[in-house]
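Sharing a structure below in structure tokens format, with a few things to ask.
When the chains are written out, they are named A, B, C and D in that same order, and each has its own residue count from 1.
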């Protein structure tokens, strides 16, 4: 019993690490490789979670319905039920589309201006998205939120063991995204992104359409974050505007990337593990260390501390050699000391 | 000094008129009042909302003027500015609700206002605490980053970390629940056109006007104020003129933090409550005012703050009031679409 | 032999900054295959000329034609696409990228620069990368920087950065290169290296060069023709010997005697 | 003892060494001009003396004190004032405010000094409230010089004060510089327009590639054929 409890806890823990790993990966595409400051991850998180929830949740019976309309019941539609829960893929595609469009719109407006504009605009978008879901009850039930969000492949196992299955789902999605991101950031495309991060004017004088690359990176990052949000919704199965408080939906993710090492995808994942470990581990500590407000404070200190003491994070960026196609031929020479921040 | 130079004068005086005129708070205030009246007199707009918007705008202005100064002189977006506001509000709370009562001094309902006279003492103390905090943070965080020559974006990011830490600190000390200053309900003033003004709002407006005028006088009349503008204009020339960077930096933080702390207290009075997240939420209207007014331009920020205050209040006539920050944000987006450098940027401001 | 048609034709180019006119009806031709030196006192408008021609700035007036195509007002990445490449006075390398990466970044129209290509067309991308890395190694060889291929560019010395900058222009397979002070802050040995590389690129790759440079020894030795600018316009053009014996040029540098002292 | 003594100074930006050991001296009351082809390090030398560029090696002595590691805002206090070539005024400040900033370190009432500057450069007195950013090139140069004079310096460094000015303006500014010198201020001038500057200078230095090449009386340098050879190579 004792062991089963620990195991259950660990499974839950790693599901969250996996989901936050996805956010961290998305942020790495934007900040770590391209130098785009997204201060409103929560916006993409919420869009992803709400999009999938609205598309897949069955409509509630009349007694429960107050004044909101559900968008769809993808999971319950018979012609999509091919025994393999195909709706899940479809829903993720929709999430990608929605987040991609929003990222495109924000990027169009701000990416030609200096970096701070993007930060402020994303901050605003996150708040606007939250306000919309909070106030427009007809969209998503306002502050009461959406519940009974369906489980992917939920009929394969008993509800008690579902978390084991979902951990596998999260890890598979994470692995796919990791490989996909790893491949592009090590490709010439990623090379251009890093060039933009280092010196925009020089990248331009090398004939690169800086704006277009920034836009692509911002959209890709936004889509990945949206997918993270979708997985979160199917894991927790209940979302409301409170879920997307900037602390757990934006700041923690920043702390993860900065701690793990921005510009390094393995660092992004390591950071998710370390910071989530600290976050969920401290609740077992005695006295005020368990106080969520103390943890809140520590997240801020952690971000400032990393910037001050070890700007590269734990892993830091690895030096790449010239042959950079695919993951197999990519071998870091050695951990490079950064010449300059 | 011997030769007559008259013959060689170049005809500069003809051009001088329109370019020289800078926006002063006087001009801005007159323009705002006229504009607000004009909007309020529209038949479909509720005058009371316009008046309310002016008060909200006054608070936004306090935040935005400080933030835009920091932006102009230290060159980064201070995401902790909202939390400096929160800090100010909570320090005043500690003084009025705990410290003064402990000393045996309690007060609420001072004169026509809901709050006690202790708040008037608490306000400058809170400002001093926040100033000290801001300067300490500069000494131990931002100065180290500047010395290392990190990019402006890294500075902004560390300010975000500072913002989170400050809010965590507030929550650790005071908890996350709604608090209020010791208060007593008061009659509101009734004016024509169905305008009701709570007396507190008049206090807010007077404080805001007094502070903004003070900042204007500091910037235009005092040695250090001119040095701040000079440093924003041309840091290298400021150095060779003997203007030390450290003094200017401290003054910038000092003025910014004092305005922020006051804005925080006034916001808490205006809303009748304190919440740890109040400052962070207020960042959106404040940043919108900064961008709308042209980054680094205090006069622009001032005018934009009132525009945002009035617009977002008036919008509640048709929209859910909780959309107010979204309205401010939408105005910022509209400006980014039309004039990315802000509405009030002056030609040749050298940036 | 036919008279060579100019590769670059600049006509009546004007560029104002506020009230200051940096280029004042500047007109010049540059013929293909030559190494042209552009000299003149400070403030003559040389760097502005490069900025406008390369598309970093919009001209106030006048026209620029590159291989007969009007390019004034184009962005930098578009002129780059035509094979018109420039360097900066202060080298701008990507510090936290290796020397090799700095070079491989440059070639245009790389398959792998499309986001989807490395997912769906890895073969093509690898092919491109092979070709480009070979090209980059050749360039490194020529610049004698091979031993630094995997070093962070930020760790190079000032002179090596200048060489890298030159290498980046060569990676673009340019038709014409605008070099802004390739010799500034470079020691003698590296400067010889740079001139050798320029001559080699000119001879073997048929690249046309326009060089702003203050080291007159370097200019007179390298260039087969020299354009002298002063106050935003061209005041003389000719071979090094012609320029050295042109009294107008001396006056531009030292100030006219006719203005005299008050 | 020389007023300013620069000996074997090495300096540069980042990792790039620009000055490879430059020496020069200025005595009280002198006008000294540094000429030399572009990129020879004239401006860097000025900035090094003014403290904006770090001295890597060698010493800078001003009035007998080593100022090679003094920060720029302290150097201004010692009576050495620098007028940069470009960006030499505060554009959004008014003319008067620019002058007040020049006097930032003065503790006394300096209104008389501002009045003196208005008399000295009558152009500035026309409209003291005007923003410096809207001035013409020549007026801007006058304001820049006036700003530097506010501290009553003993030595003033002028970096190409005549660059980009119309000939009539060059006369005007040159005339003012001579007047400043007559009032007892030493002047170190960097000029491209060598003939004009040398003709009014006591002495001149020719700088090439960050090293001293020639030093002579101003008029003697003018007649030296070596000078044009250094400019155009050969």
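Just so it is clear, a contact is a pair of C-beta atoms (placed from the backbone, for glycine too) under 8 Å apart; a residue touches a chain by one contact, two chains touch by 3 or more.
The structure displayed is predicted, hence computed values, not measured ones.
Colleague: Please state, in steps, how far chain C lies from chain B along the shortest route of touching chains.
Modeller: The distance in steps between these two chains is 2.
Colleague: Once the contact rule is applied, which chains count as partners of both chain B and chain D?
Modeller: The common neighbours do not exist; no chain touches both.
Colleague: Taking all protein C-alpha atoms shown, work out their mean, then name the chain whose own C-alpha mean is nearest to it.
Modeller: B
Colleague: Which chain has its C-alpha centroid at the greatest distance from the C-alpha centroid of chain B?
Modeller: C
Colleague: Any chance you could check whether C-D or A-B wins on number of contacting C-beta pairs?
Modeller: Between the chain pairs C-D and A-B, A-B carries more contacts.
Colleague: If you average the CA atoms of chain A and of chain D, how many Å lie between those two points?
Modeller: Each chain's C-alpha centroid was found; their separation is 57 Å.
Colleague: Please tell me the distance, in whole Å, between the geometric centres of chain A and chain B computed from their C-alpha atoms.
Modeller: 34
Colleague: Rounded to a whole Å, what is the gap between the Cα centroids of chain A and chain C?
Modeller: Roughly 44 Å separates the two chain centres.
Colleague: Give me the residues of chain A that touch two or more other chains.
Modeller: 340, in rising order.
Colleague: I need the residues of chain B touching at least two other chains; which ones are they?
Modeller: Counting only residues that touch two or more other chains, chain B contributes 348.
Colleague: Which chain D residues reach two or more other chains?
Modeller: Touching at least two other chains: 136, 175.
Colleague: In graph terms, nodes being chains and edges touches, is this line, ring, star, complete or other?
Modeller: Ring.
Colleague: Which of the chains are touching one another, listed as pairs?
Modeller: A-B, A-C, B-D, C-D
Colleague: What does chain C use to touch chain D in their complex?
Modeller: 19-20, 41-43, 90, 157-158, 181, 184-185, 214-217, 219-220, 240, 243-244, 249-250, 253-257, 259-262
Colleague: Would you mind writing out the residues of chain B in touch with chain A in their complex?
Modeller: Result: residues 76-77, 79, 141, 144-145, 148-154, 156-158, 160-169, 171-172, 175-176, 280-281, 283-284, 287-288, 291, 320, 322-323, 325-326, 329-330, 332-333, 336-337, 340 of chain B touch chain A.
Colleague: Enumerate the contact residues on chain C facing chain A in the complex.
Modeller: That would be residues 54, 56, 75-77, 80-81, 85-86, 88, 92-98, 100-101, 104-106, 108, 110-115, 117-119, 122, 125-126, 128-129, 133, 136, 149-150, 152, 154-155, 168, 172 of chain C.
Colleague: List the residues on chain D that touch chain B in their complex, please.
Modeller: Residues 50-52, 71-77, 81-82, 84, 87-94, 97, 100-102, 104-105, 119-120, 122-123, 126-127, 129-131, 133-136, 138-139, 147, 151, 168, 172, 175, 179.
Colleague: Residues of chain A touching chain B in their complex?
Modeller: Residues 35, 37, 39, 109-110, 112-117, 119-121, 123-125, 127-128, 131-132, 134-135, 246-247, 251, 254, 288, 291, 293-304, 307-308, 311, 340-341.
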